[in-house]
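Chains here go by letter, A, B and C, matching the order in which they are written, and residues are numbered from 1 within each.
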Amino acid sequence: MSAKAAIVEARGVSRVYPMPAGPVEALREVSLTVEPGDYVAISGPSGCGKSTLLHLLGCVDTPTSGSLLFEGRSVLTMREEERSRIRLHRIGFVFQRFYLLPMLTAWENVELVQSEAGMPAAERRARTLELLEYVGLAERAGHLPSQLSGGEMQRVAIARALANRPGLVLADEPTGELDDETGEQIGDLFDRVNADGTTLVIVTHNPALAARASRRLAMRSGRLAASPAMARP
Amino acid sequence: MSPLQFAGRSLYRQPARAILGLTGVAVVGALLFDMLMLSRGLIVSFRDLLESTGFDVRVTATEALPGLGPAVADAAAATDELRGLPELAAVVPVRFGGAAVETRDKKTRQVAIIGSETRRRGEWRLVEGADLGDGTDGGRPDMVVNRTLAREEALAPGSIVRLASTLPGREFRVTGVVEFPFEATGESMAGVTLRGFTLAFPTARRDEADLLLVASQPGVGTDAAVAAIRHARPDLHAFSIDEVLERLRHAEFSYFRQVSFVLATIASFFALLLVTTLLTVSVNQRLGEVAALRALGFSRRRITLDLLAESALLVGGGGIAAIPLGLLLARGLDSILRQMPDLPSRLHFFVFEPRALALHLGFLVLAALIAAAYPVILAARLPIAATLRRESIS
Amino acid sequence: MSARLRVLFLVLLVAHPAAGLAASEAVGQPVAEILVSRGLLQERGLSVGQIVMLSADARGAGARPFRIAGVYEPTPDPSRFTAKRLEARLHLPDLLALTAEPGEAGVADAVGAINVALEDPSDAGAFARELGARAPGVSVVRAAAGDDEHFMIIERFHVAISVVTMIGSTAFLLALMVIRADERREIAGLLRLLGLRRRRILLQALLEGLCIAAAGAVFGVLLAAATQGAVNAFFQWRYDTTLVFLRVTPAIAARCVALALPLGVMAGLLASWTLLRRPVLDLLRR
């Protein structure tokens, strides 16, 4: 069996934010490798740097020091346009606050990123339908976000994140604004997404969601520690 | 989804804001369009008036405008000499004066009197009756009157007009009713022959003309006619219509040019400031969305195009609505300014020109770009991670 | 045309230093004096004490020497401010002698107009009628109020512009107030949920709107007062006049504030009311 290259490889990355009251070290020499097919959950108290790490992994931000490779290429040497292209084609994001565009329907929200990626119209239509069926919302395709519940909005957001067949999906507190039951439904959906071959990295302080991951990592004060639980399958 | 479609949806999402913004741009844009029309309106209108007389050159004794300087002495000889020039098709001497005329109720009224020879081309347009003849009827020279005088003194062809400013009062016989190109609203005007003029103003010097109206030969051109006159009679001052207008543009009409410039500048600044404010506030309210789109892979270029499209829709939509609104407003403003006394009734301050429309559309394009500049900078330079973090906390 | 206007343009043509005519004085012939306007002095590079030639004829025939005794600033004429004031003032006998044709009878006794100042200006109408009846052939008119009419029309024009500007700015103001109200949507919903009445929230909106409108109106008046100097300076330079084109008077400032305050308050109230009409839960929903 040939070893696949890691999707993301962070080595000793730090992120320091200059603040008026003094610099804040949000991440301190964090090293993490995410392999294809991984399901990683990162937990920790508020302000420990979970989201910061997620943003670095997703090429939304760049480290102050250290090395960060995405699919073997250094993120630090990339220009913003290139990182933008990677985010559009290779990474999917799911946000705590969903961030669906309120003036677009569920269908249009999912189709938007495909259109931006240059996918032909016929292919977009087929893919959008496929994704909405995948998340169980095909019959709500024409509804605006204001007409959807929180769980439904998050499912649309997940469909949007999968639209361009990314190699990596990053989710930042995806159940943060949902009740337990709805959170479970989202968890089930993530399980299916990972089972179908998509690499997942989730930031959460929902223990039930974190328990579903094959790798559980803990963060504290900007540093990463592996959980003594779950070995890799 | 194209940037325009996206922008349309963004505006549609907040319909009250969009409608109010469009309305504001339309109203201010109408004002701006009007100021563009005002900047050259007087000149264009005055040119039309001057050209309507059929004379393209004016000759005076000095560089003063016709009627405001010394008269041309030995007018008959000057007229004959100029008529001998092959470049000229017609030369007509004209005199201006003001006299008191007895009214029906035995009072007097001021009447502006134009004296011209009977070989006319365009000093006035006959509306009713007959034009001036050379003879006199029972010692009464011919006179044509304008509609105002005719209406207010119940004059018609055959009526007698008696001057109160001569002793004894000189009488004239009305032969017709005419329209003078430069008559002001409510102004009483009359036209007489040159001989009739000397009878109306016995103390005025004879053989003088306040103005010589000249028409160039077809195909020769105004400039050639002016050059010929200047060569033949360097003591006289010949003006083409362009030269008269250029002078008026720098002097008498300059105030309205200045005012239109000042108001247009203020209106532009106002519109820019407010559209920029609307867009900036709109972007500030959507920072989370913008950051999310950037995180999803939307490029800065795409975000910029979306905002430019939104600005274009606001400014463009309002600006296009401003055109019919501006034309309507111009009619109202023109009707106010035309109430000024002593202004030719056919003179307009606001005149539509394709140039004004082109400038207006050009401004719209510029305004859309400038108004979007700051919001674009805000959105394009947005720190994605920090914004997402801040939005999550808030 | 009055003889005075003729002289106006005679000076333009033939005013030149008449150095040779200084000899006239040397042999005891006095040279009559004139005053010239500042504009004419500057335009032709003249100076006080200089002797110039004036003629009633465009070709310069019959020119006579005059000494420039002084310079005067013509009273600014708002209806002619765009025109250059190139003019001179002569003693009436000198003007009549200059403009008369040789052998013209009665020239020393003929003028274009006589200006009359009455002890009681309110008698002007009656005086004009009586004099007109007594002197046939003479036109007697009150000093023209036509200039006032010019300015009334200009004022109407500017008022019309102001109205249009106010309509446009009201639309924008409403848009900004709608945005402001929308930003407070959740807070308004929360307050309603807690039991506060609409009236209470509207009162708060009214007070806020009043403060913003007052501050904005005062700022606008101060800005106008600050820029009026620049506007006047520009036009005074452009037209070489001492006329004041723009003046922010206390009455105008009060009128601006009186218009701006209710507009601002009404816009804020209207925007808040359209928000508060909605059901509470709608306000709280994202």
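Basically, contacts are C-beta pairs under 8 Å (C-beta built on N, C-alpha and C of every residue); 3 or more make two chains touch, one makes a residue touch a chain.
Just so we're clear, the structure is a prediction, and the values are computed from it rather than from any experiment.
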{"item": "By count of C-beta pairs in contact, the leading pair of chains", "value": "B-C"}
{"item": "Chain whose average C-alpha position is farthest from chain C's own", "value": "A"}
{"item": "Geometric centre distance via CA averages, chain C-chain B, whole Å", "value": "21"}
{"item": "Euclidean distance of C-alpha centroids - chain A vs chain B, Å", "value": "66"}
{"item": "Centre distance in Å when chain A and chain C are each reduced to the mean of their C-alpha atoms", "value": "69"}
{"item": "Chain B - residues contacting chain A, complex", "value": "1, 9-10, 12-13, 288-289, 292-300, 302, 384-386, 388-389, 391-392"}
{"item": "Residues of chain C that touch chain B when the two form their complex", "value": "1, 5-6, 8-10, 12-13, 56-59, 81-84, 101, 110, 132, 136-139, 141, 146, 149-150, 153, 156-157, 160-161, 164-165, 167-169, 171-172, 174-176, 178-179, 182-183, 231, 235, 238-239, 274"}
{"item": "Of all residues in chain A, those that touch chain B in their complex", "value": "17, 51-52, 55, 58, 60-61, 80-81, 84-89, 91-93, 95-97, 99, 101-104, 108, 111-113, 115-117, 160, 164, 172-173, 176"}
{"item": "In the complex with chain C, residue positions of chain B that touch it", "value": "14, 16-17, 20-21, 23-24, 27-28, 30-31, 61-64, 67-73, 96, 100, 108, 110, 164-167, 169, 203, 205, 210, 235, 251-255, 258, 262-263, 267, 270-271, 274, 277-278, 281-282, 285, 329, 332-333, 336-337, 339-342"}
